[in-house]
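In the two complexes below, subunit A is the common chain; its partner is subunit B in one and subunit C in the other.
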Partner chain A sequence: MSGQLAALSRLRTRPWIWSFLGAALVWALAVILAGGHGAWSVITTAIAFSAFTVLVGLGQMFVITLGPGNIDLSLPANIGLASAVAMKVMDGSDGRIALGLLAAVAAGLVIGIVNYLLIRLLRIPPLIATLSSSFVIRSVGISYGRGLQIKPPLAFADLVVARLGGISVLAVLVLLLSILAGVVLARTVYGRSVLAVGQNIRAARLAGLSVRRVRFLTYALCGALGGLCGALLAGFTGGSSLDVGAEYLLTSIAVVVIGGTSVAGGMANVPGLWGAALMLFMIATLLNSSGLGIGVRDLMTGLIIIAVITLAGGRRSLR
Partner chain B sequence: MDREIIQLNAVTKSFGAVQALRGVDLSIQPGQALGLVGHNGAGKSTLMHVLTGTIAPTTGSIASGGGARPDYGVAIAKRLGIRCVFQELSLCPNLTVAENTRIMHPRLRGFGWRRRAGRLITRQLDTMFPDHGIRSDTVISDLSIGRRQMVEIARAFTTTDDPLRLVILDEPTSSLDPSTSRQLLAFTRRFVADGGATILISHLLHEILDYCDRIVVMRDGRVVADEGTAAFDRAKLIVTMGGAAEGHAAEAPVSAATVAAEGPARVRYRPKGETGGTELTAQAGEIIGLAGLAGHGQSDCLVEVFDAAGGRPGRVSVQGPVALVAGDRQTDGIFPLWSIADNITVRSLGSLTQGPLISPQRADALAESWKQRIGIRTPDIHNNILSLSGGNQQKALFARALGSDAEIILMDDPMRGVDIGTKLDVYGLIREEAARGRTFLWYTTEMDELEHCHRIYIFRNGRIVAALPRAELTEERVIHSSFQEAVA
Partner chain C sequence: MSGPAALAAEVRSPRPPRQFNARRLFRTALPALSLIIVLLAIRDFNPRAISYFGFNLMLNLAVPVALATVAQLCIITVSDLDLSIGNYVGFIACVTTTWLPTRPWLGAAVILGSIVVYGALGALVQLRQLPSIVVTLGMSFVWLGLALLIRPQPGGTAPSWLAGFMGVHVPFVPFPIVAAVVLAIVMHIVLMKTAFGAVLRGAGGNPAAVARSGWSLLRVKTTAYAMAGVLGSLSGLALVGVSSSAEANMADGYTLLSIAGAILGGAEFVGGRISPVGAVIGALTLQLAAVALNFFQLPELLPGFRIPPEWQVGAQGLILILILAVRALINRGEA
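Now for the complex of A and B:
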């Protein structure tokens, strides 16, 4: 009995377990529905796709952890523009891959910095600031890309889809990046400051933390990760497209929330990003293979987010 | 004899360990202007909240019109015609004067309610403050603070269907100029003459003495005097409020005067907009007290000093790192999701790193050593901060500041709601740390705590009105300077 209780309380302190359990459950359903076929390939595909979701989810997680009102809605536009920038700079040449990646990250970084400046200097709420900047970014993207789809360099396309023993190499790299993000949050002055600001911005200032710098760095970081994701997606999908990031508006927020990060700020959850990303992909697979449309898929995603927030709602800080 | 409007019998109220009211008997008759005075924390505001029904007493009973009211609350208070003008203005800043009036009067409904509400409030303003110059369609945020207060007060006196028998005025004149104040007080006299009742809370003693029939003095959650105004004069009021030399906390203020502070000033501060006048200075090893009534510029002083640390010397110059001990734990201090250790070390993260990473061993060592030194009562410093009692949370905040590299410690009335044992521990620690060369700026509303200071600056209306060395400190002088009125 007490052992069960202890296990329960451990569950409460590790909310990310739920998202992995959910992913496993949906996976089992999908496999049963498919008559036991493709169990392994569903997992490897899910891991490969989750790499992108987790990459933007990391940025969104840092931003949301800054506390109520903080959110980056410019990620889809950011990803779209960065994919175009990367493909144009790479120009189909293997020798320019690094340069293209760098350019995409720089584009994302600039977007993140502009977002922060809008929030800070013009005192616009992050929701409005990042939403309006995403319209500007889209316009820039349209006039910059002129609707051309430039193919990625061969080596880059190969690298992005490369697998070792069935596991996406890119996913392993993103996993390493996630671990790094976890260490940053727990063990660096910057990471602790993000958590402190998210809990109580006034107390953080009075404890001598530089709130402005922390928020600046966080929005810049989120933008840079969005840019990186854009470049990789362009390689993954065979060319840049302004709409390549469209689905990441909802997904980036969904994985953060489902993964157990507090929407009230101050508490981030890195492992949960992976669980949530895998689960969302599994749900999509399940619904696709059961013949239901994209509408039902979005409905399910929405319901799951509501369920997660309700279940996690017992926490005082969410009020 | 008229029946009382409301009667409190042996009412007590405690918030956790803090006893705000310790058995208050009070009866309010129609046709009487009551004055209520007392030091900060004497329990005046809590008492008013009990009267308006927003706070239920812990023990004791409330009666009205001869009958007991066991379920007394906001609704009954409203039916009895009890209104209150709170110190913190309660108008909605984004609504107009008329719309704010409507909030109190559900009867104003249907077409033209705005116009009728506007007429109602304008008529009341005309009666109370002739030449007020306030239009009823003005949005509140566009009004000056004084005019807002006029609207707030006038609104409390408007009537539609509810009766109006008792109006509580909590510091109503604090943002009114003298002539408007006189208009208000003259109106309250007319209101009382017509059979109403008022309770006036004011730190301006002449208002109390000139306009009230009966004066109630509170101290430490008790009513210590309740007599006709004729029984008081200014000096007697001050003595009754202050209470000559309290017995407890009577430890010798030993080291206070002995340390000879030397060297250049670590902190120089002059309030905003002041060019002459008294300048606050603090040197290494000094404990500086900031006194006066609450909200007269002491907290602003601390925040300005905090923000000025590391900046260029100007009106405020600060030499050396600064840490602040918040008095309002929940809004200014605690990180509720974190452990005790995390809460203690957050101010010192920069010095706990090894390479780019914070060393958990060094962080724990810092937290553990301060847990021992300041006596935080917990089995494990990795427990959540909210597992501690309020006093122990406050100790953690002290540990955060004292454990840091700060040479200047700012304390924003940090002993609110802290029990006496904890206080004595912390007083000792402050003296110890000052002897080692740290500078303390200590805002306190408690007279006893000023005895630990080398020098005391008294604030009034955002200005420093007096500087007293420890040797010249007396309660009378502090109260006198705090209350000294602009000679009209």
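Now for the complex of A and C:
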């Protein structure tokens, strides 16, 4: 009895379990619908695709954890531009892969820094700052990537889709990165500061934390992760595209919310990102295989987000 | 002046004589000034654009954009934000082209039902104290999904009365300008001059104070969201009237554009400080800035440097940043 109670209270303190339960449930449904076929391949595909979602989700999670009003709307434009930068710098040559990755991350980093400067200098809410910068970045991306048809270097394309025993190598790398992010949040001064600022910005300031520095680093980090994701997506999809990041605006926020991170800030949840990303992919798979089409899929995704936030309820936040 | 203070100032009567304040005047005139500057730039590029026909052409899409912007403004008034308005407009457009011409009652019922859903969202946000961003984010998926179910392929037809209404020829003044002026005046009266408008803005500024003076916040939020639903529906109808066919994601860009327009027009993000007239002007400015780059061959700014047409979104972003920078300067001097 007490064991059950302990398990229950653990569930309450670890909201990410729900997203994994949801993912497992949808997975089971999908497998049953497919007559028991492809149970394993659905999992491995979901893991491979989730790597990208988690990568941007991590950045968005750090930003949202900063507290009410903090959000990065420039991620899609950032991803689109970074994918073009990566392909141009790599120029299809295996020897320039590292350089291309570095350039894409640098592009994202610059975008993140510009976002912070807009917030800081114009004293505008992050939402408006990242919104305006995304307009500009999009245009830079269009004129920079116009007619760009450079294929990713072979070795890069191979690396991005490589699998070891069925598990995507890239996903393992992103998993390591998520663990690192979790450690940073829980164990480093920077991570602790992010949480502190999110919980109570005034208290954090009075405690002597440099709120400016924490925000600067967080927006820069989010931008850099977006840039990295852009480069990897270009490799994954066989070339750069401006629209490659389009779906990540809503998805990046969705995985953060579904994953149990507090939208009021101050409480991040790394494992939940994976659970939520897997669940969203499983839902897509389930609805695709049931032949209901993309409309029902979007409808379900939306209803799930609303259901999750309604059940999680909570303090007034973000807005 | 913050929301509750504004409320108090309006309730008090007679009004205290307002001191002349150059900064405030400049800040209020900023949206109009930016519109004038964009117009002057267009005249510089192509004088023939400043004509009856030119405006009809350039501001064709401004009516649905302006309607979406004031819809967003209703939500911003109560210090929330709507990330679903673009998809909602697309959904209404799909409903309009699919059902209104052949089964008008069904189409009208669906649109009315959607407005009720919008109001219910406001109630949900208030009752459960949810972040509006996340709820409307979810709704954006819902509207898009429904739109795709109704209309998987682009197409459909506009009801003839709708196309006729949007294409109406008003003598001397182009129809989009008439529509924008009417919209601005109506919204100004509703939000700035009526008692309930003051309550709405008060709820954005200091909800606790409004609740304590006996107003139901639930009713306030529901009304604000339902108003956004009505205006969003009108935006969808206007969009169909202009483009005469529909596609599920035809108005995706409206979400960000409507926020940008409202902010450009002088709305503060929280605190119920808004400007309906400014929002309409903001929407027109953004629309003209985009169109100017699209329609006209621009001269070389520097030798060998032309603004390419793909910069239309970028121009909107730059204008937004520029206006916000000027406003930050004004506010800094004031503080």
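Rule of thumb we're sticking to: the second predicted complex is superposed on the first by the 312 of 319 C-alpha atoms of A that agree within 3 Å, B and C clash if a C-alpha of one lies under 4 Å from a C-alpha of the other, contacts with A are read in each partner's own complex, and residues count from 1 in each chain.
In this section, a residue touches a chain if its C-beta (ideal position, glycine included) is under 8 Å from a C-beta of that chain, and two chains touch if they have at least 3 such contacts.
Note that the structure is a prediction, hence the values are computed from the model and not measured.
Looking at A:Q199 after the superposition, I want to know if it touches subunit B, subunit C, both of them or none. Which is it: first, second, both, neither?
Only subunit B is touched by A:Q199; subunit C is not.
Looking at the overlay, what does A:G266 touch: subunit B (first), subunit C (second), both, or neither?
first
For A:T301, select first, second, both or neither according to whether it touches subunit B, subunit C, the two together, or no partner.
second
Of subunit B and subunit C, which one touches more residues of subunit A?
Of subunit B and subunit C, C contacts more residues of subunit A.
With the two structures laid over each other on chain A, which partner does A:V140 touch: subunit B (first), subunit C (second), both, or neither?
After superposing on A, A:V140 lies in contact with subunit C but is clear of subunit B.
With the two structures laid over each other on chain A, which partner does A:V189 touch: subunit B (first), subunit C (second), both, or neither?
first
Both subunit B and subunit C contact which residues of subunit A?
On subunit A, the residues that contact subunit B in one structure and subunit C in the other are 316-317.
Using the touch definition up top, name the residues of subunit A that touch subunit B in the complex.
Contacts found on subunit A: 183, 187-189, 192-193, 195-196, 199-200, 202-204, 206-209, 262, 266-267, 316-317.
So in the complex, which bits of subunit B are touching subunit A?
Its residues touching subunit A are 306, 322-324, 326, 331-338, 342, 346-347, 349-350, 353, 356-358, 360, 400, 404.
Would you pull the subunit A residues touching subunit C in the complex into a rising list?
Within the complex, subunit A touches subunit C at residues 69, 71, 73, 118, 121-125, 127-128, 131-136, 138-140, 142-143, 146, 250, 253-254, 257, 263-264, 293-306, 309-310, 313-319.
How about subunit C: which of its residues touch subunit A in the complex?
79-81, 83, 124, 128-135, 137-149, 152, 248, 256, 259-260, 263, 269-270, 308, 310-318, 320-321, 324-325, 328, 331
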